[in-house]
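Please see the structure below; I have some questions.
Going by the order they are written in, the chains are A, B and C; count residues from 1 in each one.
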Amino acid sequence: MTVVLETRALCKNFGALPVAQSIDFQLTAGARHALIGPNGAGKTTFVNMLTGRLQPSSGAVILGGDDVTRLSQRERVKRGLGRTFQINSLFRGLSTVDNVALAVAERRGLGGRMLKPARAHTDVRDESMALLRTLGLQDDAATLISSLPYGKQRLVEIAITLAMKPKVLLLDEPAAGVPSMETHRILDVLESLPAEIGILIIEHDMDLVFRFARRITILVNGATLLEGTPEEIARDPRVREVYLGERHA
Amino acid sequence: MKRHNGSYSADPRIGWLELLPWVLGVAAFFLLPDYLSLGARILVYVLYALSLDLVVGYAGIVTLGHSAFFGLGAYVAGILAARLGVTDPLLELIVSFIASALLGLATGAVILRTRALTLLMLTLAIASILSEIANKATWLTGGADGLSGITVSPIFGIFRFDLFGKTAYWMCLAALLVGWWFVRRVIYSPFGASLVGIRENYARMSAIGSPVYGRMLSVYTLSAGIAGAAGALMTQTNQFVGLNVLSFESSGELLVMLILGGVGRIYGAFVGPIVYIIAQDQLAKQFPEYWSLGIGLLLVIIVLFARDGILGILDRIVAAVRRRSTARTAIEPKRSDATL
Amino acid sequence: MKDLIASLVSVGFHGTAYGMILYVISVGLSVTMGLMGFANLAHGVFAMAGGYILTTAMDRWGLPFPVSLAVSFALVAAASVVLERTLYSKLYTAGELAQVLFTIGLIFVATAIARLIYGTLQQPVHLPDYVRGQYSLLGRDFPSYRVFIIVFGAVMVAGLWFGVERTRFGAMVRAAVDNRAMAQSIGIDTQRLFMLTFALGSGLAGLGGALGAEIIAIEPSYPFEHLVYFLIVVAVGGLGTLRGPFIAALVIGIADTAIKYWVPQFGAFLIYVATIVLLLWRPSGLFGRPA
């Protein structure tokens, strides 16, 4: 199993506060991995260090076999690392298809072209529409983001990242803010993602986690408490202790 | 006119309505021969406003120092003519464009690494620096008296600059045509779409791998060059250049014109200067204090109630009319049923 | 050599007085920009208003100097509250362009009104006798009014810093500057906080304008002419901080005085260049927090 993303002894301190304590982590190609843990465990900090938004205090981030610890976000994006945000980060004044088209154009290296009209780049539009179709958003192509319901906006968030054809995909709470009746759509989308992408999701929705993940890592106080298959995690008494308190263990 | 918004679906073909400004421009030459210098002034400011719209309206870079580029272009043209004896207008236009573009590149490279207030302040500082230099370097710029004695050679050796401003008018119109065509092309291109993306969500553009800094620098440089060309036109039309082209009031006035017309849409840069300069010509001379007061109040009102400017208000009226007419056609079949 | 030292002392002294005035005027801008994230370019209008109120109060209403200063502070603070409640508060979430345009509009309105009421000439300031004259220190003579400005400024600065560090109000301001959403969620009434802070900052600007009327002339073009310097003080010092603009104001005050004295042909050119260099080295200012 090729390891597509890895961290070695990754540490982060904010002053005297250790937020990440020597995290060793591996994500394989085609992985369906979930990162869970109580609030404040350091999950988003960890993801920020993976993407390059935050520099670790020590340790290394390895993407596709290369040490990317010192590289910028943009560099990592170019090497195939995609990430969605916990709070939607979309182009609200633009339509759905235009949101995706921006990402497709950048990936194809066309974003800087000044003389040919954008609409004439039919390859960009066709690819964007195809992507929207895989997510069931094709009917909303011309709708402004600000007019879309939140659940669909969450899907557009994923669509933009998919447009970059990442080899590794980090999804930060994809179901956050989505009404529970609609989370199945998110799950459907996640299940339909290309098999060769390595996917790591941070989630609190345990239903989604247990149905999606083939491997789960639990992060508590910035350190890995436990890692294993969903069955192993569900059985382990320490998990109940962490989530429900000692008396229930 | 539908507002174009950084889209891969927007039709780039030139619509009928878009020919209107040019029809008006040509008609004005024949119908209003006494107002050609005012007309030329309007044309220059439309070009200047287009350059500002690229930066403020499309890329979302708020600057109060665009007069630096306009002023540099104006002075370069003036210095070429008055101090170096280079009077060919097309050559002056090209040199001014290049000089201002270079200034835009140099200053942009430095200040575009900052954001918001710091950026705004740096644009002010740079414009202030140029203003100080123009003020003190009297041997070059004429200082507070400005540069006069500027003559303009015939264009292509044929079209002489006359006393009535006819040649100047056509030159400005032609230059605006070229500038407009080019700006429009850029706005409808993928580059233009990415500018809107940068304006809408800077962080996300970066996250999808867009070289945001490089894009902003490109548009800033281009915009500076265009502003410089507009400045050169101003000098050639007036055959004079003075310190006012570099003042903070000049940048502020241009911003007002752009907001008045509608920012972030090409034709706002047309409507704004036309309305503003004509109003200014009629009202400001008689009541200069009240003009200033009126402009200030207008700005406040626009920001609070009509942030999309005149074109935005027109959009809303058109949309309301359309809604009412579709409602009417929905009712009518029932009425005709009733009469049967 | 003795002449050089005399010049240095004189430049240092006058520069410090100028810097104090710059600080008193600009500190309000720093806090409101850091607190409300609002690009208030019209801050100079409050300083100008303070200056006009001072001269009006003393010359037309015959009020004594200290009372006039207090009236400047109070009236400008009150007016700013009205402006904040009616206009500014509608634009907190409107984005930078809207705020810039709005405040430029305010500047236009204010300068037009000033011209209509007071005309275009600089307002002469008739200081009372007890602050005029010279003050002798270490064998040298210093203009008393400048000494007064420096002392008054220092006392006010100390009071301000104490207030922000030690009082509950100050703690709330610091919390809200640091993280507005967090402050709201722990029950701080940010609306009221904005209003009070804005009033205090604007009142201080008015006081600074009044106090400094001799150094920074009161005329209708005031807000346009000195905007760049106020912004430089705040940007170089660091938004939302108190100490940063203090250092920046002193440095700029002394530098500007020095330049005008020794190399006047350069004008403010050097200060602008230095500002650009400094902001490139530290984009958030000397003491500011990186965004």
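Following the convention adopted for this analysis, a contact is a pair of C-beta atoms (placed from the backbone, for glycine too) under 8 Å apart; a residue touches a chain by one contact, two chains touch by 3 or more.
Owing to the predicted nature of the structure, the values given are computational and were not obtained by experimental measurement.
Asker: Could you tell me which shape the graph of touching chains takes: line, ring, star, complete or other?
Answerer: Graph shape here is a line: each chain touches the next, no loop.
Asker: Measuring between mean CA coordinates, which chain is farthest from subunit C?
Answerer: Here the answer is chain A, farthest from subunit C.
Asker: Rounded to a whole Å, what is the gap between the Cα centroids of subunit A and subunit B?
Answerer: Between these chains, centre-to-centre, one finds 42 Å.
Asker: Quick one: report the Å distance separating subunit B from subunit C, using the average Cα coordinate of each chain.
Answerer: About 34 Å, centre to centre.
Asker: Please tell me the distance, in whole Å, between the geometric centres of subunit A and subunit C computed from their C-alpha atoms.
Answerer: The separation of the two C-alpha centroids amounts to 47 Å.
Asker: Pull out every residue in subunit A that's touching 2 or more other chains.
Answerer: Correct list: empty.
Asker: Residue numbers of subunit A touching subunit B in their complex, please.
Answerer: Touch list, subunit A to subunit B: 73-74, 77-78, 83, 89-95, 97-98, 101-103, 105-107, 110-121, 124-125, 128, 142, 160, 163-164.
Asker: How about subunit C: which of its residues touch subunit B in the complex?
Answerer: Result: residues 33, 39, 87, 90-91, 94, 96-98, 100-102, 104-113, 115-116, 224, 227-228, 231-232, 234-235, 239, 265-269, 272-273, 275-276, 279-280, 283-285, 291 of subunit C touch subunit B.
Asker: Spell out the residues on subunit B that touch subunit A in their complex, using ranges where they run on.
Answerer: These residues of subunit B touch subunit A: 5-12, 185-186, 188-194, 196-197, 200-201, 203-211, 214-215, 218.
Asker: Over in the complex, which subunit B residues touch subunit C? Could you list them?
Answerer: Interface residues on subunit B, with respect to subunit C: 56, 60, 62, 64, 110-111, 113-118, 120-122, 124-126, 128-129, 132-133, 135-136, 248-249, 252, 255-256, 259, 263, 289-290, 292-293, 295-300, 302-304, 307.
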